[in-house]
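The next part holds the structures, each set out as structure tokens.
First subunit A sits with subunit B, and in the next complex the same chain sits with subunit C.
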Partner chain A sequence: MIKKKSKKEKLYLSDRPPLSLPGKIGLGFSYLVLFSWVVAIVWPLYQMVVSAFNGRQEQRIMANTNFEFSTKHFEYLFTETLYLQWVKNTIFIAGATAILTLIVVSFTGYAYSRYRFAGRKASLMAIMLIQTIPTFAGITAYFTMHSIVSAVIPEFTRQMMLILIYTGGGIASNTFILKGYIDSVSTELDDAAKIDGCSNFDVYRLIIMPIARPMLTIIALWSFIGPFMDYLMARVLLTNPSSYTLAAGLFTLISDFRTLNQPAFAAGGLLTAIPIVALFIVLQRQLVSGLTSGSVKG
Partner chain B sequence: MKVIMKNLGKKYEGREEFTLRHIDLEIDHQDFCVILGPSGCGKTTLLRMIAGLNSITEGDLYFNERRVNTVPPKDRDIAMVFQSYALYPHMTVYDNMAFSLNMRKESKKVIDERVNEAARLLQIENNLYAKPADISGGQRQRVALGRAIVRNPKVFLMDEPLSNLDAKLREHMRVELVRIHKQLGTTTIYVTHDQTEAMTMATKIILMNEGKIQQVGKPDDFYNKPENIFVARFIGSPTMNIIKGKYENGKFISENNTITLTPSDKDKEVLKNFEGKNVTIGIRPERFESGSEFTDTFETKIDVIEMLGKEKTLFTTLKDGSELVISTPGHYKYEEGEVHTFGFDVSAIHYFDSENGERINK
Partner chain C sequence: MGKYGLFLEDNIGNKYERKNLYLRELALIDERIKIEKSSKEISKLKASRTEFIKNKSKNEYMLSLNELKDKEKKFLNELKKKKQEFSTTLDKEMESKVKRLTIQLYENRQKEDFYKGYINLDYRAEYNYLKAKEKSYQLPKIIEYIVNSQNEIKEALELQSKLEKEDFASKKAEVESFKKEQKDKLDKEITRIKARQKEGVISKKAEINSIAAAKRGYKNDVALKKYEIPTNANKEIVKSKKHELRMGIKRNLKILNGDIADIRRRIPVEVEKTKPIFSFLTFPIPGIGQALNKQYGKALIFLVASLFIYLVAIPYALGYGNYQGEGIAGLINLAEGGPRIYKSLIFMIEGVVAIFFVIIGAMLLIVSFKDVYSVERSTIRGIRHSNWFETKRALKQEGFPYMVSLPALLIIIFIVLVPVITTFLLSLTNMNPQNQSKFSWIGIQNYQLIATGQGLAGSVFWLIFIWTVLWTLLATSLAILIGFILALLVNNERIKGKKFFRTIYILPWAVPAFITIMFFSIMVAPGGSITVILEKLIGSRVEIKNTTLYTRSALILLQGWLGSAYVFLLTTGVLQAIPGDLYEAADIDGASSFDKTMKITIPLVLFQIAPLLVTQYTFNFNNFSVIFLFNQGGPFNPQRYGNLAGSSDLLISYIYKLAMVNQYQAIAAAITIFISLGLMFFAFLGFRNSKGFKEGRL
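Moving on to the complex of A and B:
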């Protein structure tokens, strides 16, 4: 009667039914697609890293050259180009954009969520529809607006114009997102706060804003990343190399044969990731969602 | 504090009809006043108008002699407990309770004293530094109460505060709420759709339906002297039996002649004017008598028996198919499918005018 277990029986623990043969083939296919996707993303990145650190590369990146570790491309970037200036410019523009967007969207999102006013739906829809027209279509208007304003206020630089354009572009969709988030916060919280002695502004500042913090963080992060990614507006609007953003500045390293230096471009691209990653790490703790749980219902 | 409403009315923006109209009420100092009604009857609107969260379209609202129509909520000296508790999720229990005092710029010492006192009263001292998400539903309910108590308000407003609790806890909190109300000596206005809460807690009930007040009075009046058919059906569980019929030759005869009833001498007096008219009677399930020694008896078939322990509820049908609910002491023996004879306790019959549903035997 005593039966020795020759080998441990493998228990099937998944809640899903076991895969049939077509299922297994399908699964294999899914993995194949996913892996090729990963390769498509990782391979260029890998090439970028390798080129950036390869001392054997000159001006133009050549395939099949030997590898020799060197930081000379980085040195070139810092000594021969305005790279640091570009970083400063970009962080200034990105930071200002993020802060401005946050302030404006805070008000609009809260207002659209909590107040009933004439044209509320219509205006929201209108802004959303206008969004579908690319920002670049208004470039002539931006130039005119800038020259008018800078004629009155000489301190109004092209960079500031760029900040306003980025901010304006982000308001509509971010208002929509924030409105949706605040909608999910019970209005009884507002009522309770009002009875407790809050003004409308206090309600937002003390109650809604802390609850909406994860969403506000995401909005800030995206607004911050935007100027890092945008090439076109910066390239057209900013004419002086010392006022370039990173994207516009780095592009001169691959577009113009006088300043051509492809490995330095790769190195610059690599370094661009640092401020964004740093910000992401700092803000990560704010991104925890589910803050509303426990406020309402048992 | 006395709360007086004079011809109060509310119409929401974009609505055709008034949600509430012609509300005249006086709630006395230290009353535990329950506003009762089915959903959509305007009871929460009325409470929010008293709180100042909804505007008053017409009429006047007085707190004692002070007209408060346009006074903002924070200056009305009120506190409100919400159905969803509405605790601030990003603050600790302590901060939640201290919030209103902080807004009023009270000193740290006073705040600390008051919060601790309220926490002691509500037995949540051990949870003061937890976030609302980390405590149980019953504890959240207490925190919501505590937040109201620390303000030391003149009027307590509660909007269905117990509806999110489980049955046992609700029973417990009912008693607790009344105890706190007595301890604080304030006026409480409590909104609910649960007639049990109203009957057990209130010193004064206001029953509303479709934006109108149906009856105002003590719980006892509601059960034993409902002013109209709506009140009669709303209060009491199982629901009161309502039988339509006619009053002829000093006797009530139901529509299909299944029930005949001779009113008591006292009721005959007032029913004189209704000779030959349509009259509806109401009788509570527990006011039927079992046995054949009564004069006006009727036969009914028992379909379903609900055993509740201390009593049995019999769901029966009369010969003409109309239904009648009878409750009897739990130890009486009945069988499903059995035909049984019942009589009436004639002193407990409610007579209503079929025309307008108003009570006749006042």
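Moving on to the complex of A and C:
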């Protein structure tokens, strides 16, 4: 008897109550919404991939062009444009920014978290306010400042200025993030180390830095990604195509009619996006935690 | 003339009797003046006090103190000679460090003997006595330690040279064979571990760890075996002994210095001075006051500050050593009337830098003054000034946060503050295409132009401002709405393929925005995919980039597409952290799933991510990339927007076009200041409401 019944209608095993008809419709509707948003995201990206590999596309990407697989746009990108140079520039700027930020911020984060020195609270407030001043507030001055410094020190390039600007723009918020993180580390560790004869610097180097490494990685990562994403400052400061970053360089492929080549842009965009997307998907949890703790936690 | 206290005190408040009887007498008179009520008596006492001071040179105590001073002088002179004699009697082959310490020991023994007789007369003598005593007590031990260790090292070295002549062939062979044996063992162990992993007994990670452990063990065993060869062992002994000696000397001297510092804290100092005059007299030149306080190490540090003030800050502020400008004066004249290559902007920036130099200089002056003043004040109270050892220790402790924040401070001053202040000053000038290289102050005219919407650049300000606000509200709200709804839907426990959806949904965030924006811009251009599809749907041509309304709508949709991923991520994170028992409790109470969403999920999530959503609004307010890269602010409508801006320009892209393309830097600066102040105000509001600030816990 029982056997027969289970054959007829499947035994309901879930611990959730069975769905009613409106519930089923709702679920179906949910799937519909979710899948349509998947299409909304994937379709443009798919278009980009297709245009990058479509040998039939010329200069301007046209929608009604037949597909023919070819890597000629990539070849164009590598031979006719300064793409590799842009990649190098961006990695240089991003790397230097990340390292400089790490050095500066790891010290300030530690100092603000662990020491009660005169002027601490006032400077913390100042940092808070400085954090809100957008970096572009100084665009007019940056250019002239660079020309003053480079007249004295010719080795000081625009890219270095850019590195300093990116670093300066990130100090305030990153100090806050790191301070919050180190605050959560028990000070008993410091005390124990000090009893064992560690100096302040030893405590920083041997105790705090290893513990704060996850947060430092996130800070370094964000500082590294920043220059990849930024267009405005690169556009303002860098004037020579051979010193462009990726964002500034790729834009010339779609904005300037002399260098216009939209499929090559798609190819370059694809190449740039793949490593970053991989990074984001692998590290999404950590990256988000860095962002959320950036808000004022106190 | 100031008053004298009856007692001296140290920095923890212990009281000490005065030893200087002359000063003690004065202190007693002062005490009586304080108590005395009738003015007649007071004037009498005051007269006697003056009389007493006049007779200082005849005071008995002062006579004996002066005698001590004379004797001391003579003694020290003699000691110098004696020291030289003593050093010649020492063994010539003595190691220099030992020699130095031995001479020091001799010197301190002599001092101990000399000062012993005067410890009741004067605190300085007592201090010198105790210091010399401490040194003559500890130095022999240190010297002995050094000599012993050096002898041990010497012996070991001798042994080494002896051993080197011998050949330990058999031992070496033994070690080699041992090494081979161990190596075989290691290889076997590794194959065994690998086999176990293949069998599935241990995990891949355990395999890696066990192999590493086995290799480490092998290395240790071999190293240990090697020490069975006497030369190797002996070499190691020499090495470790040398290190030990180096560290030992350092440690012992540290202990000695620490003990002396303790003595300094215990023995007060007695001076006739009652007013901290050095600090006022040497105020302009940091370093001298410290030297007068006999803190020479500190004086050297502050001398560097003096050098900065007098060789860098002041000359720069006066216009010397500038690149073009005239220091602070350049701020006022802005290169007016100067040669053609002189640029007002350079004068302005150098003026701002000069101001910062002056501020830094002034702060150094204040710090130095405070330092000298407090040391003098405490000396008068009876606290002995700290010596270099103590200063160094304090610097390492309290100075640490300042020293490590210095690079950050410099970067913030020169990369953030100087440009921002320059921008503010620029907004008070008339820098425009006609006045590029030379411009002058015009006060708040730019702000007036903006506020009243007049002039070439100001006329469209309010139009752009309204669109910017509209854009911020619509684009951000759309992104939040999309991200929020998607996160809620995906989080439904009946939805399958959560991982798939979540991975896809963060793509707009992960792909660098400038790439997607530029590609969307291509797609909505004539002939682009979106244009073509719309054409098929509607049946007529849609020129998205040439119609203000369409461009704006497209921009808002695009930002909704871009921004939703971030909101989705944030919301998902919070959703997953909501404890399940809340929902169970709601189930028991008979809540429908709609109720649960409205009453539990949405309030909890919104409460947590609200501050982050506020930053999304400010981000979009300044979202230059999406506007500029999509359509360069167009479409352009000169009748309505003039030649400077397009109809989808935000304030920030308008600023960019004014300052960088059309060279209306002054008015651009005014707009920048306007929005920066606005943003700061909103940030401050948010900050003030934050938990950390309210609880005063920063």
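In this text, the second predicted complex is superposed on the first by the 234 of 298 C-alpha atoms of A that agree within 3 Å, B and C clash if a C-alpha of one lies under 4 Å from a C-alpha of the other, contacts with A are read in each partner's own complex, and residues count from 1 in each chain.
Here, a contact is a pair of C-beta atoms (placed from the backbone, for glycine too) under 8 Å apart; a residue touches a chain by one contact, two chains touch by 3 or more.
Given the structure is predicted, the values throughout are model-derived calculations rather than measurements.
The wider contact with subunit A, measured as residues touched, comes from C rather than the other of subunit B and subunit C. Looking at the shared chain after the overlay, A:Pro210 reaches subunit B, while subunit C stays out of its contact range.
Once the two complexes are laid over each other on the shared chain, residue contacts for A:Asn240 go to neither subunit B nor subunit C. Of the two partner chains, neither subunit B nor subunit C is touched by A:Asn66. Contact with neither subunit B nor subunit C is seen for A:Ser20 once the two complexes are overlaid on the shared chain. By the touch criterion defined above, A:Thr79 lies against neither subunit B nor subunit C after alignment on the C-alpha atoms of chain A.
In the superposition on chain A, subunit A positions 291-292, 295-298 are in contact with subunit B in one complex as well as with subunit C in the other. Chain contact summary for the complex, subunit B toward subunit A: residues 13, 48, 51-53, 72-74, 78-80, 82-90, 99-100, 103-104, 131-138, 140-141, 147, 151, 164-165. Within the complex formed with subunit A, the residues of subunit C that make contact are 323-324, 343, 345-346, 349-350, 396-398, 400-402, 404-405, 407-408, 411-412, 415-420, 422-423, 426, 482, 485-486, 489-490, 492-495, 501, 503-516, 518-523, 525, 527-529, 531-533, 561, 566, 569-570, 573, 611-612, 615, 618, 622, 624-625, 628-629, 632, 652, 655-656, 659-660, 665, 668-669, 672-673, 675-676, 679-680, 683-684, 686-687, 690-693, 695, 697-698. For subunit A in complex with subunit C, the residues that touch the partner chain are 16, 19, 27, 30-31, 33-34, 37-38, 40-42, 44-45, 47-48, 60-64, 103-105, 107-108, 110-112, 114-115, 117, 120-121, 124-125, 128-134, 136-142, 144-145, 147-148, 151-152, 164-165, 167-169, 171-172, 175, 199-201, 204, 228-229, 231-232, 236, 247, 250-251, 254-255, 262, 265-266, 269, 272-273, 276-277, 279-281, 284, 288, 291-292, 295-298. Chain contact summary for the complex, subunit A toward subunit B: residues 116, 186, 188-189, 191-198, 202, 207, 210-211, 213, 291-298.
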